[in-house]
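Here the chain labels run A, B and C in written order, and each chain numbers its own residues starting at 1.
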């Protein structure tokens, strides 16, 4: 396996997962804070649903999106099937519940009087949002890193909607599948090591931020 | 008479504990009420109910003629004129300066005014040297000063302070009491203070309530003494 | 001053607004802001990259999509074809999804690709007769072989036909002397294996000596190797792996074991978005003398993996009127470009 292709595959992996998690962070943190600070009748049901979707099997999501993006499917006109954009969308949907759910957790674990104070002093919703994000930022960041870890190491969603097309929609995980099924275990292992390195870097960052959080409240 | 805050027959129960049993009080604008009582007598709960953070099981509160309900709109309306500083006041993870500046902006002050007021309050309370320090790193006493400064900066009409000088050294405690007395006098606000210090009560307040096990044992309007208090505690 | 409504971009908007505020508010959280802006820049760049640069293809290229099988993809033949084809037709980007034969057909039936290349005549005929494909023609073949333990407990190497060989394996299995590993994944190989069992009149499914692994050819060979079992393999994969295996080639040559690859264009009348012209160019390339000689000479690791067979099915013992008419059709297209 050529070095240039290994680099291309790795960069594509990062590009797809980081873009997806970037989108799910923006939307997920916003929705998470909204849900955490609201108090409507079906809130409990909604939170349960979100927690359920956190564990969506990626292959199932991939299959559903394939049927949706397929030319004869409802979103076929978008022409997204077998493109990196479809992969980004699939990982976005996969990680969104994770970000929302963990953000809600992060907000809910803030001390009660802090939440009361923030509510009482913010006439404008914008400030409430700023204060909450700032206070829960370590928990929120942890949720983002968890989402990133999930995205980078999943294979089921991206292989079905992306098609594992060489140079185009082949990422680290799907490349491992290809080389394994073609019998080229050496290449598969190299790619696997890179994947582990990336995943390790993500988890080390997570650990770092968790430690920082402990120190802060000590 | 400029205005009246009336608390009428508040009952509150947590689980199987009756925390407040028929508590009533009246406070005029420009007056200071101190609540004293042994630990666990329901002082903080009473304060929280007046601050609209808890809903009473029965009884009501009337503020300048309007009845306070606990709906979201009512709470929003009173948010801006009410300042509640609990025993361990919450501090935002910002610099000391931003802990006053940002809440002011959040409350609707424009940036220029907010900056002025922030620096004023910091100077008065002697916190200006820490202006850019992370507020989480302050000592408990300094945090209390900061919370007070913040509450005062917001220019409330009603202030509810839960043991405001508990963690302050003598010098700062005196400073705070003087400031509060002057502030109440100038701005004609409603001030309710929970305290364990009889001196403080005597210095600051026009009215004194003794609360024991959720029941108002005594309510003095002016002219009370250490001995009166010690009778109940 | 500050917009109250939370329209689209909650976080980023707020952070931007915070930075625009003057006085005392410079470091809301410098590290976090730097982190966020790095990620934002990265995401923006990648969106730009994907919109403008489209992976390996420059803008305005036609992306030709093929659905094919993993075994064909694994040989690398398609990469070789792509290389020569694209150097001739610079505006076409040939891409393919390599999946199981069943999935390739389904993808074709949904019009998600322009061509399908598979190696199961029954499925192909069905595809064409149901109106999903047009102008299907065979262009390459290799064959299947039976591989197994070197001591050949079922005496497969003495068989006169593949049907007899499978019978011997069946009875050896029943008597506990042999194991058989099946692909079990509805791939071309698997379907071929099933058709042979069908011809024997015996049904091995559910028996303890018959193991379905549900995986690709190389993994299946590995499993067979580990268990010292018989299996049906395509010649190319086995040859590529021979050195790592203890299994020996025990039976070959039966006409039923021919593994013929056919390319079919997805019907443009059914799916108007199909890149019909480019698909025709691709097929023409495959069946042209240049393409056929590329296929005939293609080798890997010193082993030749395919035989070219455009127009030669009769020679191989297969009489298919549809095939013959399409051969004439494509010969015609070759001479009138």
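What we mean here is this: a residue touches a chain if its C-beta (ideal position, glycine included) is under 8 Å from a C-beta of that chain, and two chains touch if they have at least 3 such contacts.
Since we're looking at a predicted model, the values are computed, not measured.
Trainee: Would you indicate which pair of chains has the most C-beta pairs in contact?
Mentor: Result: the chain pair A-C has the most contacts.
Trainee: Computing the C-alpha centre of each chain, which chain sits at the greatest distance from subunit A?
Mentor: Here the answer is chain B, farthest from subunit A.
Trainee: Go ahead and note the Å separation of the Cα centroids belonging to subunit A and subunit B.
Mentor: Chain centres of subunit A and subunit B, defined by C-alpha means, are spaced 44 Å apart.
Trainee: Could you tell me the distance, in whole angstrom, between the mean C-alpha positions of subunit A and subunit C?
Mentor: Spacing between the chain centres: roughly 30 Å.
Trainee: Using mean CA coordinates as chain centres, what's the subunit B-subunit C distance in Å?
Mentor: 74
Trainee: Give me the residue numbers in subunit B that touch at least two other chains, ranges are fine.
Mentor: Within subunit B, residues 94, 102, 105 contact more than one other chain.
Trainee: Please set out, as single numbers or ranges, the residues of subunit A touching at least two other chains.
Mentor: If we look for residues of subunit A contacting two or more partner chains, we find 124, 130, 134, 137.
Trainee: Could you say which residues in subunit C touch two or more other chains, in rising order?
Mentor: Each of 28 in subunit C touches at least two other chains.
Trainee: Spell out the part of subunit A that touches subunit C in their complex, as residue ranges.
Mentor: 12, 15, 18-19, 22-23, 25-27, 29-30, 34, 70-73, 81-82, 84-85, 124-126, 129-130, 133-134, 137, 141, 163-169, 178, 180-183
Trainee: So in the complex, the part of subunit B that touches subunit A is made up of which residues?
Mentor: 51, 53, 76, 79-80, 82, 84, 86, 88-90, 92-94, 102-103, 105-108, 136, 154
Trainee: What residues on subunit C touch subunit A, complex-wise?
Mentor: Residues 2-4, 6, 9-12, 14, 17-18, 28-29, 32, 39-40, 42-43, 46-47, 49-50, 55-57, 65, 70, 73-74, 79, 95-98, 110-112, 215-216, 218-219, 221, 237, 240-241, 271, 273.
Trainee: Contact residues on subunit A for subunit B in the complex?
Mentor: 111, 113-114, 116-124, 127-128, 130-131, 134-135, 137, 216
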